[in-house]
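First chain A sits with chain B, and in the next complex the same chain sits with chain C.
On to the complex of A and B.
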C-alpha cells in the first residue's frame, strides 16, 4: 500500500509523457510544460530521501561511467581532430596535443578526463531530477540533438536563441517558470562563429554548463568544458550516445534506489 | 626447456668461470648473469622463486608471444587470450594511436589518393566522407553519373583537409567547414556486386 502511494508520487514528479510532449522548436511550450510537469510533492520519509540523495555523492564514479568509453573509442570517432592552426583560439592551447602540418590535434588523455567529469556531473543532475537542456546551433546535427533529447526524456533547443530566453524568462514565458538545471552545448559556437549567447546567459543565471569546445572555441565560462571535435558526424553521434546513456543510467538508478529504500 | 638449458650451461660454465677469477658471486645464479665477459647472455637465474633476468626473461616473453601467435592463427583461443589482447590495445596511449594512424602516416594532404564514401547526395552534388575531420563536396561526373548513390565508395585526390583563409582585418581564419578533393572515379569491387 505504501509502495503504491510512493509510485504515484514518483509518477507525478517525473511524468515522462508530459516531458516528451514538451519538446518544441521555438521554446514557447517549453516553459508551460516545465511549470506543469514537476510539482514538488514530497510524500517520502525525510531520512530515506536524504539517503537517496547523499549516497551517490560519497563515491567518485557512482554510475560507473568510465566503462562507457575509452581513449580508443574517442580516437576512432575522430574526436582528436581540430581546426587549422589559423583558427585556433588562444585559450584552447592547453588542451592541444600539438599541431601536425597546420592541423591542431586535441589531447585525448585530457579530453577523456574532462569527458568523464562532465558525464559524471550530468548523471548526478539527472539522478536528482534536474532538467537538462541540449543546445546546438549546428544545422547539420540539429535533428540528432533533438532526437537524443527526446530519447532520454530531456529538452533541446537547436533553433534561434531569443535574447531573453534565460535572463527574461518570467516576463517572456509567464511567472514561476522552471529554468534548466544543466545546459549541454554540443557546439559552443553559433552560425557566425561567435560564442553562443547561452553560455554567457547560463553563467549569469547560475546554471552550470557542459560544452564540447573545439580548437576554435572559447572555453571560458563553460563549467565543464570537454575539448573535442564538434564538426564530424561520428564524433557528434558519440557524444549524443554517451550523454543519452548517462542520463538514462542515472534515471534508472534513481528509480531503483527509490524502490529499494521505499520498501 | 629452460631447465634443460640450465643443466647444459652448468656443465659448460665452470671452466670459463675459473679462468675469469671473480671475487664476487657466492651463489651460482647471480654470478652467471653478472659474468658479462664469459657469457653470451645464456645465464638463467638460479631458483624459480627469483625474478628471471637476462635470457630467461627474454625466452619467456618470446614463448608467450609465439603461443599467442599460434592461437591467433588457429583462430580459436580461450576467452582469456582475446581479453588480454584487447586490454593491451586499450592500454595503447593516445600518442602511439596517433602516430600509427593513417592520417598522420599520410603526411601532407596535397595530391594524396584516398577512398571515400558518399553519405549524402543533393541532385548533382556528392558529399563524400574520407575519414578526415570534414567531408568534401564534388560534382557528379558525366561518365557513370547514375552509379554515384548514397554508400558508393569513390576514389579522391585530396587537395586540402580544411578550406581556411585569413582575410584582411580578421583576427582568425575564416573556415568553410569543408575539405577540398577531386573525384577520380568509383572504386571497382572485385566481388562483382553492383551497388544498387
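On to the complex of A and C.
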C-alpha cells in the first residue's frame, strides 16, 4: 500500500512545472510509472537522469536514516507520553502500548517503525526536488517549525489556514502555481482540538501527508502517521531536528549524484 | 453617371435622336452589340421608404418559415448531421462552432501577467509563500525571533549575575506607530485590521522587555515622527526706530476684518486705531476689553503704545482682529513659558468662524421654512 502511494507520488513528481497534485494517477503500477514521462534535465543525458532517479529506489534504506534515531532517543524526548484516557481517540488504540495512572503510553516500537518509513518517504521526496510544506497550528512551536523550514530550504505554514489554499490554488495564487508534493503535520489538530483542514484537503488533492498523531488525534487520512507526543518541546525539537537532517541529507545526496553522474 | 453615359452611347449608336425621352430598353435590335448594363432609371427604382413598414401578412410569414427550414437543412448538411432531426439546440451549437466569438469565450479573455513568485522549476521563492500573506507573516516571525533573542540575552545576563533593570531606554516620545495604510505600503500586501492589531501588540511586547534598546533601529523602522505643534508659532522680529525704541509689527484677522498694528515699547500705554483714540473708535466696553485682554494677561498694560489700522467687518470683528494682532506682536517681547500660556489661553489661535452661507430651500443657513404637516 505504501509502495503504491510512493510510486503515485513519484509519478506525480516527474512532470515539473505542472501542478503536481493535478496529475491524478489512478493505480499505475511501478513498471508503467517507470516507463512513463522522463523529465528532461538540461545538461544531463536522459538515461543518466533516469539512473539518478531510480538508484535510490533499489534499496530499502538508501539514505541510512535508521542511524539518525533510536528507541532510547525517542524515550528520552518523551515521545511516548500521550494524553489522558478520556481524550483517547478510538482509532489510536492500536498504537498505544497501554496506560499508566490514566495517561496513555504510545508504543515506541511501532513509532520507530512508522517514523523510519515517514523519514524515508520525506527523504525520497526531497531527493527528487519535491516541495515539502510543514504545517502546525500550535502557537508554542510555530517559530521553531518556521525556522526548521527555513533551514532546510522548504516551506512552512503555521498560521491561519485559508479555505481554498490547496483546493482553490490557481485562483488564489495565480495560474500555474505548483502545490506542495508532501505535507508534514507536526500537529494534526488545530487550536480548537479539531482535525486540521489541511489533512482532508491534501487527501482531496492527492498530496501525501506525514503526520505526528497524538493519542487524541484521528490518524485516518494521514498517509504516513507517526504516533507520538506533539505537546512537549523536547519531542517537537526532536522531530524538527530529524526532519531537517533527512531533508538536508537527501538534497546533498542528490547534488552529489548529479555531480558524479554528470562527469 | 457611367451607366447613363453607357445608355447614351448606346442610343447614339442606335441613331436615336432625343436623349430627353425616357430610354426604353432596346428591343430585339440585332445590330446592338453592346448590352445595356443599367436598365432602370431613378423613377423606376422602388422607393422602399414610401412602402411603409413590413407588413407581416400570412404569406410573408409562411415564406420566411419555409426559407428558415431550407436554411436549417443546409446547415445540417454542412455539419454532417441528419436534416430531419436537427433541433434548435443543434442549430445554436453549430453556429457557435462555425462562428467562434472571442467576445463571449472565457478563454479568449486577456490575462494580466502577475509578477510570478516562483522560479522555473515551480518552487516559490519565499518560504512562507503558501500562507498567502508572506511579507506580513515573515515580519511577525522576525519580530518574534527578536523577542526570543532578547529573552535569551536576559537569561544569560541573569546567569552571570549582571542583570539590571535600569538599562538605556529608547526615546519613544514624539513618534507614533505606523498606520495600517503605511504598513500595507511597506509590505506591498493587504492586511486586515486584526493583523495590524496583532502586529502592534507584538511590537509593544518587544518594547516592554528590559533590553529592548538593542533592537532600536529595527523598531524605529516602524515609527514615524510626529509634527510638533508648538514650534510652528512665528514670532515677529523686534525692530528699532530712529529714537531707539523697540517695536514689532503684526497682523490679525477675524471674520472679514483685517488689522495690522505696530507695538511700541514706549511706556505710555496709548492706543490709536485708524488715527482715532480707542475710546472714540470703540464706544462699547466689550470691544475695549477685547483689546486690553492680551496686555492684561502678560501684565504689560501701561508699557506699550499701539498704532493700529483696521478695515472690514463690524466692531466686534475688528476688536477680535486687533486682539489677535496685539497677541502676535507681544510674542517678541515675551518669554517662551509665557508664550505657551498665551497659546493655552487661546490668544494666539485665529478664530476660524465665518458667516455660514444660506442654502436654497431654507430661509437662512440653518433656519428652515415653516414645516407644514399636511
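The definition used in the following text is that the second predicted complex is superposed on the first by the 220 of 263 C-alpha atoms of A that agree within 3 Å, B and C clash if a C-alpha of one lies under 4 Å from a C-alpha of the other, contacts with A are read in each partner's own complex, and residues count from 1 in each chain.
Simple rule for what comes next: a contact is a pair of C-beta atoms (placed from the backbone, for glycine too) under 8 Å apart; a residue touches a chain by one contact, two chains touch by 3 or more.
Just so we're clear, the structure is a prediction, and the values are computed from it rather than from any experiment.
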Original post:
Which of the two partners, first being chain B and second being chain C, lies in contact with A:109: first, second, both, or neither?
Top reply: first
**OP:** Once the structures are superposed on A, label A:201 by its partner contacts, choosing first (chain B), second (chain C), both or neither.
**Re:** neither
Subject >> Which of chain B and chain C A:78 touches, first, second, both or neither >> reply: first
**OP:** May I ask you to decide whether A:258 touches chain B, chain C, both, or neither, giving the answer as first, second, both or neither?
**Re:** neither
Original post:
Is A:216 contacted by the first partner chain B, the second partner chain C, both or neither?
Top reply: first
Original post:
Once the shared chain is lined up, is A:87 touching chain B (first), chain C (second), both, or neither of them?
Top reply: first
Original post:
In the superposed view, which residues of chain A touch chain B and also chain C?
Top reply: none
**OP:** Using the touch rule from the top, collect the residues of chain A that touch chain C in their complex.
**Re:** 16-17, 129, 131, 133, 143, 146-147, 149-150, 153-157, 159, 162, 165, 172-178, 180
Original post:
For chain A, which residues count as touching chain B in their complex?
Top reply: 70-72, 75, 78, 80-84, 86-89, 97, 100-101, 103, 105, 107-109, 193, 216, 229, 231-233
Subject >> List of chain B residues in touch with chain A within their complex >> reply: 89-90, 92-95, 97-98, 101, 103-104, 107-109, 119, 129, 131-134, 161-162, 164, 166, 172-175, 177
**OP:** Flag every residue of chain C that touches chain A in the complex, lowest number first.
**Re:** 111, 114, 116-118, 120-124, 127-133, 137, 141, 144-145, 148
